[in-house]
Structure formats: C-alpha cells, structure tokens
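What follows is a group of structures, each given as structure tokens.
Look at the two complexes coming up: chain A is in both, with chain B in one and chain C in the other.
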Partner chain A sequence: MSHNAVVIGGNRIPFAKSNGPYADASNHDMLTAALDGLVARYGLSGARMGEVAAGAVLKHPSDFNLTREAVLSSALAANTPACDLQQACGTGLETTVYIANKIALGQIDSGISGGVDSTSDAPITVSDPLRRILLKASAARSAADRMKAFAQVRPRHLAPKAPSVTEPRTGLSMGEHQALTTEAWGITREEQDTIAEASHHKLAQAWEDGFFDDLVTPYLGVARDAILRPDTSVEKLAKLKPVFGGPQGTMTAGNSTALSDGAATVLLASEEWAKEHNQPILARIVDAEVAAVDHPGGADLLLGPVAAAGRMLARQGLTLDDFALVEIHEAFASTVATTLKAWNDEDYCRGLGLDGALGTIDPSILNVTGSSLAAGHPFAATGARIVPTLAKLLQERGPGSRGLISMCAAGGQGVVAILEAV
Partner chain B sequence: MSILEKTFTSAPGRAISRKAGLKDPPRLRRGRTWPSGAIIHGTIGDGSLVADTLHLLGRAVEEPVVDAGTDAPGYGQKIGALVVDATELTSISQLERLRALLRPAVRGIERSGRIIIVAREDHDGWEAAAAARALDGINRTVAKELRGGATSTLVWVAGDTTASDLLTTLGFALQGRSAFVDGQAWKVASTATKIDDLVTAPLAGRTVIVTGAARGIGAQIARVVARDGAEVIAVDIPPAGEQLAAVANEVGGIAIQLDITQADAGAVLAQHVAQRGRGLHGIVHNAGITRDKMLVNTDTARWESVLEVNLAAQMRINEVLLDPDTDGGLDDGGRIVGVASTSGLAGNKGQTNYAASKAGVAGLVIAMSSDLASREITVNAVAPGFIETEMTGKIPFVQREIFRRSNSLDQGGRPVDVAETISYLLDPGSQAVTGQVIRVCGQNLVGA
Partner chain C sequence: MPADTIVLESMPSMGGAAARSLVPSRDKRARVPSSTFEVRDLVQETARLADYARVCGFTLRDTVPATWLHVLAFPLHIQALGSQDSTIRLMGAVHVANRMTMLRPVSVSERLTIGVRADNVRPHRRGALVDLVADIRSGDETVWDGVSTYLASGMTAPGDAPDGSHEPFEAVTPHARWRVPARTAKDYRRVSGDPNPIHTNRLAAKAFGFPRPIVHGMWTHARALAALEGSLGSSYSVGVDFVKPVLLPGTIGFSSSHEDGVTTADVTTKDGTKPHLRMRVEAVS
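Here is the complex of A and B:
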C-alpha cells in the first residue's frame, strides 16, 4: 500500500557564523531547540512520532545516538524512535527522503527529518600515535607498564587534530575542487558576486516580509539569520580577495558559504495522518534521487546533481519547464552557476548517460528567498532548511505547483528531490 | 538584587525592619482551595440566593454570631468566611444588621478568610439606592481593615439572578483563586444557564488564545487555562519565539509567532483555529507594552505604539473573530477577556499613553458586552495592580517596595492571581458575568 508523504511544515533556528552566538551550543542543544520549536508550532508536545531521522556531518564520538538523545531532551514523547543518518551536505534532504519513503510505504504515518552542524563545537581528536599510546596505557596491567607507555609521549603527539573537510582521495578541499570546476566552466567573478548579492537581498526581503515567522524559532537570543548582510552589493563583494584558486581565483569569502552553526527540522506525514490530526499540508514529496561522480577520476566534485536531476526528471516524464520554483543549494555561488550551465550542456549530459541536456530555467524562479550564501550552511541542516521553505513557497503558488531541489555534497554526490503543492 | 535589597531581605535586615513596623506580608491562600474554618451564612431579610448557591457549591454553612449592640461576642474559633445575603436590603436601618454580622466576623476571621456581601444592584426608591451604595463603602473599608490576607468582596446581582448564575462567582470569591482580588465589586446578571456544580476543569475541550504568552502574566495565563482544561494557542512576537515555544510545549499547546499589530493578525489567528477544527471558546488579550514618559515629553511614536499594541490591535482582532463569516472565529457563547491596568483606571504619572490604552480597554469591554449579549459572548477585563514580573522587577528596589506595600495585602500580586481571575471569566459557567472590569490589585491605594 502506498501513501502520499507530505510536508506539514518545518522549523529551524537562525543560522549563525562559526564561533559566533552559538559557540557554546552543541549539536545536541541545537537539534533539541529546533525540534522543540517544531513541536510547539504544531502542538506536538508529548506526541509519539513514527520516527525522527537527523544527522550531523561533524559529530563527536559520544554523540553516536545524537538524534535519539535530542528527542529525549525535547518535548516529544520519550517513546519516539530516532536514527542518525549522514550524507555530507545532503544530510537534511536525505533524512527527509528516508522519512518520506517510510511514510509512503506505510511503515510510519508521521515523522521528523532534520540535520544539525556546529563548526564551533567540532570534534577534536588526538593524533594517531597519541591514541595508540593511550590505548596501550589503559590496557596496561601494572602501574609500571602504564608509566612505560606514557613515557613514549612526545610533544608533537599532543597537537590536536581538527576535523578537515578535504576530500580523502584527492587531498583537495571542497573549495579547491570547486575552483577547478569554476575555471573549467568559465564562470566569472562577476557572475558569482551577482549570485551572492541576490542571495542576501532576497533572504533579507523574505525576513522583512515575515516569511520566516512560521519557519524559524529564535535561539539563544538570535532572532534572525546572523550571517545575512542585507546591505551587501556586487561592488562591496568585488573588493574581497580570492580564497580558492590561487591569486587569479574568482572565489572569495563573499561568494562561498561561511562555516556555520545551526539546526533544521521538517515535519512529514501521510496525507491521511495530516488530515486526521488537523495539520496543514504544504506539499507532497514526489520523488528523489542521489547520484555520484567519479571525482578521484577527475570529474567535477560538486556536479553530482546533474545526473541525479536528469535521471529523476526522465523517470517522472518532467522537464525543467514543469517547475514553478527551483532551489539550488549555494555551496558556492559558482556551484549554482556551473550546475545551471551543466544542465544545459548537451555533451556533458550525454556523457552522464542522459538523453540530452535538461535545459534552462527562468532565473526569477531560482532560490527566491535566498539560499546558503546568505543564510549560512550548517552542513547537515541545509536540506531541512530548504524543504519547508520551498514547500511553503509552492503552497502560496497554488495546488500542483512543482519545485525542484538540487544539493551537492562531499564525496562527489548530489541529492535532488521534487515537491508538489497539494 | 541591589545591596540595599540584599540587606533588607537578609535575616538581620528583616529583624530590624520588623521592629521599625514593616511586617512580613501575609502568605496568601491560593488555588482551588476553600477556607479552612467554617463558612458563616448571614442574611439581611429572607433572601435565599446565597443559601442556594452555597448549597450547590457543596459547602456546609453555620449560623452567624450576631453582635447585640454594645457587647462583642466572639466565634470561639476562627471562621473561614462570612457570606451575607443582602438581596433584601432596602433601608438604611437594615444596615445595622450588617454591622452586627460583620463585627464578630471581622474579629474572628482566619488568615486569607473571606467576607462576601451579595446585594441587589437595581433598587426601588431613593433610600434603597442609598443603602445599596452604602454597601460599597462598607466593602472597601472592611477590605482595608481586614488583616492576614483576608479579603472582602461585594457581588451585585439582578432581581432574577439564580444560584446557577452566581455559582462560579461565589466559588471564585471563596477559593484561593481570588487571593489578590480585594475590596472589589462586580456584577452577576441573570441568564438561562443551568449549572449545579463547580467543576475543576471547566475549559476541558475548549480552545483559548492567549496573546503575549511568552513570559510574565501571559505565560501564567497559559498555564492556568491549560490546568483548567483548555487547549492553548499561545501568541507572541517572533523575537520572543524561543520562550513562547517553551511555554506552548509546557502546557501542551501551540505557539504562533505573530505581532498582533500586523494588519492580518486576526485572519492569521482565525486560520489557525479553523485548521485545528475545534472552534474558539475564548481569547485573552494580554499582550501589552509601556513607553513611559511625562506627557510633556510624549511624542507621536510613544503615543501610537502603546495605543496600537494595547488597544487598537485587539479591537481589530475582535472584529475579525466576531465576523460570522470568519472561518475559525469566536464561537457563540464564547469569551473575550481584556487586560486593563489600575494605571488606566486611576491615572498614573508618566503613563498618559498607557492609561489611555488601558482605560480604553475598559471602555471597549463595556460597549462590546451589551452588543454581544445576544450571541451569549461575554466580554470582561481584569485590571492588574502591582504584579511581580520581569517587567516590574526592573523598578528600583525602594520604589518597588513602596508599590508592593501600598495595598491592603502589603505585597505585590503574582501572575497566577491575574491568571486565576481570567480563567474564572473564561469559565462557561460564568455566563452571567459580562461587561465587568475586575481589579486584581490587593486593593491598591490608588484608583477607583
């Protein structure tokens, strides 16, 4: 038996810069806050939900059951099960797909997806030699053996290892990868800065209009996205020095996402459950697809969404013209520009095994309330930021309006999904 | 806490202040609790309204001790309350009977005990009117003379007010819920309502909107109406969302981040109610702000923001919720409760804008109540005096201590005292109470 999995709504905390207002908040704290805001908005205090799925990209080992622990700290019923899922920057969308699929299969009738990340409270680990010495010491049977083990510690062992976001197989950071892509696809500095400016202006306008009043709950005294700069401009952005791609590079701190802290959640249910519980229905989850590219073999790291979108649209018999709105996660301004270019590149698309180019979209339907450049990008949270935002926008546009989500992720992956207003 | 406040509240500080005549304020009886001593039933004439109501309330009553004129007989042990049925009072000479009932009772009443006088509001002839008005002076004075947290209340009734009509009011006045309502008089009219019991969860299955619910008095209103069974829709401005969510989750309600001054605020609220599909029993307009300045320094911005939030916004919201075409509007038989302020009723230096808005709330309640009577919607307000909240906690200590002590109960009220009064007004059983402004002020020295 198959059910319609629908988006009822969402809640997130405002996103903020790394080591900013949430410097002392853990992933557990932020995810709990995002869940509690969702519970309050939809009157779910004490309710048992089918399942909660969330994840974090940077996770402490002690957070092995992060989501379940956050559920226990939240106002949800303690007998709500939960699991941790992680698919790099696609996590918040992948958890949504996971919950939606369970709903569609009738395994659960309601659930919450989400994601959280803190680059302030990132797990710091010890160096490998020190780890080996510590393990030896704790396994030692006598005090003398333990002392012998400790005697091997050298000062260089003590330097902590911060987690890095470099690709293990190429040794390149994500920005360095994207700089290669940016250059290969001929994306200009101005194109990127224009995307960044638009992101800030559109997000600022949406906040002004009260659009986020029922999507965001303040946290630790922060009431709005703290990275947002309403007064930024192409002129101001043009003054920034490149941070990726060498001195001639076009990618700056202004057109790349900032390291961010934040958490986001999505409330999902079967259409029947939503109606029975007098909950609003914004949109249904139509389909989703994940693709990966062979970046160790030289493919563009962040263009996974091209094959993913191509295969999903073909399966659905849809074209880009069928969409009222498109959300492309702004990992970098140039990811958006290259994704759009790649969608419209006949050879590139055929090379991926698709029937041809996907085509173009009207720029006015893209990221209409801004995206990650302005909002910030707490890795695992972003997908769960986009889903309710798009669902609400589609609902405003009327039943049948379709929206496409495209997210690139580390490891050469791309996650895409289609929503449709009910 | 300032150094002054710390010294004052420390043990030696308290000993000194006690010697100086500043007594520790009495601890008030609160909640759904009855007086512990006997409830004495006295009458002037042979009206049976009070006896019938006390019977419905399931309260055993005892005979009064009546003062014979010069001697002063006592009750032997402390009494819990004296309830006087003065519905047959018509002459000045009958007031002597009231004195004779009150004298032993005031002398023998327990801490947080109750003196309650029930009398007819409409009178035949000049003398009856004078005698009735005399009760008002007596009530206020007795309230001032009572000690140990005991209070006095005067309830006006109509000729055809029944025990059903009076039930929730007498229950409220006797119970600890009315702890900080002192020296007040309000009216219980007559309706077709038939209830014969005081229930503990009168709002069960009903939805109530509370504005300004993120903190202070509003948060407490949410808790008390939820305790009394209501499903709460808690409203506050988006920046207060974190606390609002905590309150909503605590009471099992829902949170709406909404500025009530928004043009579409009424429509947003109605849409949520319609979505929930359970109708709307009541709305409590608690959200309020102050922008204090002497009138000579009050500019348009200060004036308008206060009148917008405290008065105009709730009027616009009411209009939407009362429109029969609104899906998710207020049910017939529903409740509207405003929050005025003693500053509004009495005037307060530096608060022209606030006083205007809060007196306006009283005016609105009186005007709306008669217009909505045919739909059995009641409209009332509470007027808090000095209530201990985050807001009043910012007043400098000495001034705060003066405010606290300038009422008959020698202390500030608590948010729960305001909330209890509001929940009594929201009670479906309180159908006969409409167009009233009840002060929750411990009989503040200032004000009407």
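Here is the complex of A and C:
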C-alpha cells in the first residue's frame, strides 16, 4: 500500500509585480500556462494524470472549479480529475502534500500540484447588505415581494468591495502583525535588509547560472522573475521608508514581499510510475505537517510553522543538523529572522509543547537560490515554486540529502515538509 | 413569584418609555420602584439574532451569546426606570459596569421568561448608582442573570460615596485593531432597539458633553466578547467596566490574555495607552 511519492520536476511562469506584465491575465490563464509548460517539459500531452490539485487565495466566485477548468484548457487529457484546495500562502505546499499522500497510499500513481494568484485581477464583490438584498429578491415569489426587497437598497450598499488583506479577527494586515512580531523579537532593520539583499543576489545568480531554465517557462513576454533587482544592496534598501510598524518601524517595501502575479506547478508520482515512464526523480516527499497559533489571542501570526517543524522533526528522529538545505518562505525578511530565532529559543519552543529548542542552521544552507522577497509571492503559487526548486537542489547534492521547507500562512497557520534526494 | 411582580403582556416598545425618560426628574433624590417587571414566553427571532451577530462580530450559532440576552432584557430596564416611582432617567444615566452569567447554553429556539428590577441605589461621587438586576428563565430553570450598573449624574442617595477610582491601567500592545464606522451605532440601534440619540445624533451627543456620537457601550462589550468566542465555555460569567466612551467614527485596539481559567481583555485606544472597556471572563463550573 505504501509508495514513495517523488518529485519529478516542476514548472512555473516567471513571477511579476501586481498590475505589471500579467495585469490582463486571470488566474485561469496563468495556471493553464504553468500546466502547459509542465506538460511540454515532461511529455504529458494527452496523458491522464491521477489528479491535479491547485488553488488560489484571491478567487472569483465563478472560479469555483478553477483547477479543473485549467486542466480542460491545458494539453492534459480531459479525463484528468482536479480539485481546488486553499491553505492561504501555504496552498502550493498543501496541494503538494495532498497529492503526495494520495500517491503514498496508492490511490493514484501520478499527479500535479500547484497554485496561482493574481493581485491584478482580484475579485471585487458587492457589499454584504446588497448581497443579502439581492438574494432575498431572487428568492421572492412575487413581483411585490421582489420590489420590497429592492426597496431596501441604499446608495452606500452600491460601493464595491475589494478583497481585504487583513486578518478578519484582528483587523490587522499581515504586515502589521509581523511588525508586532518584529518588535517583540528585537529584529533590526539591518538584519532584515541583509536578508532582502541576499535574496535578490542569490536569485539573480541562480538565473545567471541557468538554474531555472528547466523550472520556468516564459509567459507573455516575461522570461525572468520581474520583481528581481540584481543590483540592490543594503545601502539602497536602507533608504526606504518603513511601511509597517509606524514611523519607527523597520519593515519596508524592500524587506517585505511585493503583491505579485504568477502560477507554479509540481509534477509528482510514485517512484514506480516515474521509472516506468522514464521520468527523472529529484527527491521524495518524506513528511509534512500543518500547525496553527492563537493569533487572536496575541500569538505571533507568522510563527505557525515553528511548532509544525518541531513535531515533524521529532517524529522523524531528525534535527536541523540533518538537513543539507533549508527553505524558509520570505513573507517578510523579518519572518525569516524571527523563525530562525524562534527555532533557537528554548522557552518559546517549550511553550509550544516541544521538547526544547530546534537549534540553529548554517546561514549558507538557507534559501540558496533566493526566495519570495526577490522572486515575488503570488500567494498560492509560492509553495509550488519552492518544492521543485528544493528538489532539484537536493538532487544536485546527491542521494540522501535532506531539505526542510517552512511556510507561514494567514490565519496563524504554517505548513512544513521534508524532502530527500533519491 | 414575589408579590410585587408586574407581568407585561409583551415586551414593551422602547420609543414611548424612552421619550418619557428623556424628561429630567425634578426630584434629585434617587428612587426606584420595588417591582419586578416580567415578560413570559418571549420568542427569540432568528433573523434579528443573525443581524445582531453580524453587527457585533459573533458567529450565528444555535446557542446565543450572553450579550444578546442582555439586549432581550433591555426594554425592561427602560420600563423599570420609566415608571412613576422612579426618579432616575435611563437616557441620561451612564452605563458604567455590567456583569452577567451564562448558567448554561441557551438555544435561539427556547422561549424565555425575563424579569428585571431596579435595586441597590447607592451614592457615587458624581451622583447615584443603581443596579438593574435581570434574570432569564427557560421553564423553571434560571439560565442567565445579569446586573447592569448605571450612574445617574447629579442624583443623590443616602450614605457616603466610596472612592470610585478605577484600577490603574498599564498600557498594552493591541494585537487587534477594529475600525468603528459611524454606521455601527445605527446598526446597533437596529439590532438592540436602544433609541438613545447620544449614539446617532451629533447634537444629542453634544448636549451630553461629547464632541461626536459615541458607540453603545454594549456594542463594544459584545465586540470584545465576540473576539473571544472560540474560548468561551458552555457557561461563563463576564464582567466589564465601561471606562471611556468610544467616539464615532473611531479606531480601537484590543488585547487579551488568559491565565488560570480567567481571560482578561481590554478595548483600548488604538495605541493601547488608554482603556475604553475592561473585561474579565471566567468559566462557571
């Protein structure tokens, strides 16, 4: 019954800034583009895959079957089933875990995971009172009842509603939450700007080296991640004004991720299927876990992954020393800094119910080809960007090399996973 | 049933009693009627509960929040203080504190008997305090009780006023921030029926010394309780002190902490330096 779920590869489109080159592309368009690139790279045209799972954080109501519709638009066989999953910024990793679990259980032998988000083509909806009035009117049995419902419409109901970027329970945006965390953990501006600079320089180097040539397919004339600034520096970043945490804040547009558009996919299969179809095997999915913290109760919103990582490592009998590479999603530079600090904080980890601190890592194994600060962060796509990137890096380092992924997500949640080169 | 219980046919409408209670009393000695005012077999309206829940931030559940039961009892507060025997006028009085206990979960489909009496008139350095004591029964079982304390400024009551200073407040770092648009008071008036114009009318607010309308204290209370809704047990008691009104429109901060089965929470200015409302929630076993 138990199979090795392995990463064969991945494909994404270059990520770009909101209202940039993909301003006219919908989630459907971008997800289809990423899928078709994957199909082309791995010769899957007309193939029936076990299942495709993807999702978007900002989703139009008409996109209730976004992934299935993208599959139908793609070159995959039309009888490939699909479903939408959503786990905020962890979506691309959650869909990977979902597909990998089905493969491990023998329910499917191949599948594709992914995620997409467009902050340019974000859904605008009618106000809650107007929606309720319209629903009442459409349920009315007589014209008179319908008119009665419409008579309740007030001018203020007509203002359209853009999706909110705030946590529903706290009214704070993710950046404002992270600003509280940044201050509580004493993260400096320089620490954050150094992380941001490194992200841009490492991503630029990886593009320079051709690392992404078999991971990314150009789209709408964009051939490289469009947010990337190879020439940025701590000095340049130091000039930016704080955007979160008030005038004394340390978080800027340079050390926070930009609103982005993009899509990413991962090709997964059982080891047997991969061999049978002469597909490369980069790494196997070893384990994963999702955790959450009580952010309405005051816990650090973006430190959800710490408990997940601690429990997963304990279960696997592993420590941080057992990892050749670590990927911590750069929602903000300070998320990376606080995650590293939290890993090494005995009291904090015990407070989470762990046996103790997780420890430290050699900075040289962290986000070695850059991360979301430089690449951009189309929310649901990021996990599906990280998985194939890490799998390829691990394969280069040789069999048995392990990698750890840690992703924070809205709602005080976090998704973590372990990959191991086969 | 105590001899002096006055059973009303239905929940009184608040307009008339409220208008009467706007007329100041000539007698400055605080006096309240001894009767209990009661309404039996009150049917709760699901649609109104849904509206209330949306306005205050609660999830619409089969079981109702404690503050909703206060709203159901509120017309009887006005009734109790609107009678001839009362010299305290609710409209001019300030709601300074509220305590209530949810003795067991109450379903929206239960018919409720609600009784309210005014009691415990006592002196305060700025006037007289009075408690509106309410209990709610389902059949013979008391399921909720509440004490709302009002301050009637300028009124007198026998005895010496105790030192009424609040517990010192230490600044907090809010971990939530709520924008409160001016509409909130209109919305809350709709769901609560509280017609006090101080919340919705600029002139009325000015007449009572506020530069702008203030949101209903019981909205702020409900909003803060709603923020804790996931951790409220099946029975709990909650007490609040209304320290400083929230001007509309405004932005407020919220912070909470939990220790030994007691949750304390503060609604503050958005920077956390000054309190609007202080709340304490305790599980009842």
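Going forward, the second predicted complex is superposed on the first by the 398 of 422 C-alpha atoms of A that agree within 3 Å, B and C clash if a C-alpha of one lies under 4 Å from a C-alpha of the other, contacts with A are read in each partner's own complex, and residues count from 1 in each chain.
Everything that follows uses one rule, which is that a residue touches a chain if its C-beta (ideal position, glycine included) is under 8 Å from a C-beta of that chain, and two chains touch if they have at least 3 such contacts.
Keep in mind that what you see is a predicted model, and the values were worked out from it rather than measured.
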Problem - When chain B and chain C are modelled together on chain A, clash or fit - result: fit
Handout entry: Contacts of A:135 with chain B and chain C, given as first, second, both or neither
Key = neither
Exercise for the section: Examine A:41 and indicate which partner it touches, taking first as chain B and second as chain C; both and neither are also allowed. Expected result: first
Problem - Which of chain B and chain C A:278 touches, first, second, both or neither - result: first
Exercise for the section: Report for A:213: first if it touches chain B alone, second if chain C alone, otherwise both or neither. Expected result: first
Problem - For chain A as apex, the angle formed with chain B and chain C - C-alpha centres, to the nearest 10 degrees - result: 150
Exercise for the section: For A:169, decide between first (touching chain B), second (touching chain C), both and neither. Expected result: second
Practice task
Please indicate which partner A:180 is in contact with in the superposed arrangement: first for chain B, second for chain C, both, or neither.
Solution key: second
Exercise for the section: Name the contact category of A:295: first (chain B only), second (chain C only), both, or neither. Expected result: second
Fill in the blank from the handout: Per residue count on chain A, the busier partner among chain B and chain C is B
Fill in the blank from the handout: With chain A overlaid, the minimum CA to CA distance between chain B and chain C in angstrom is 45
Handout entry: Complex contact set, residues of chain A against chain B
Key = 33, 36-37, 39-43, 45-46, 75, 210, 213-214, 216-220, 223, 278-280
Completion exercise
Interface with chain A, chain C side, in the complex: residues 54, 173, 175-179, 183, 227, 230-231, 254-258
Problem - chain A-facing residues of chain B, complex - result: 231, 234, 238-242, 244-246, 248-258, 262, 275-278
Handout entry: Footprint of chain C on chain A - complex, ascending
Key = 128, 156, 169-172, 176, 180, 295-298
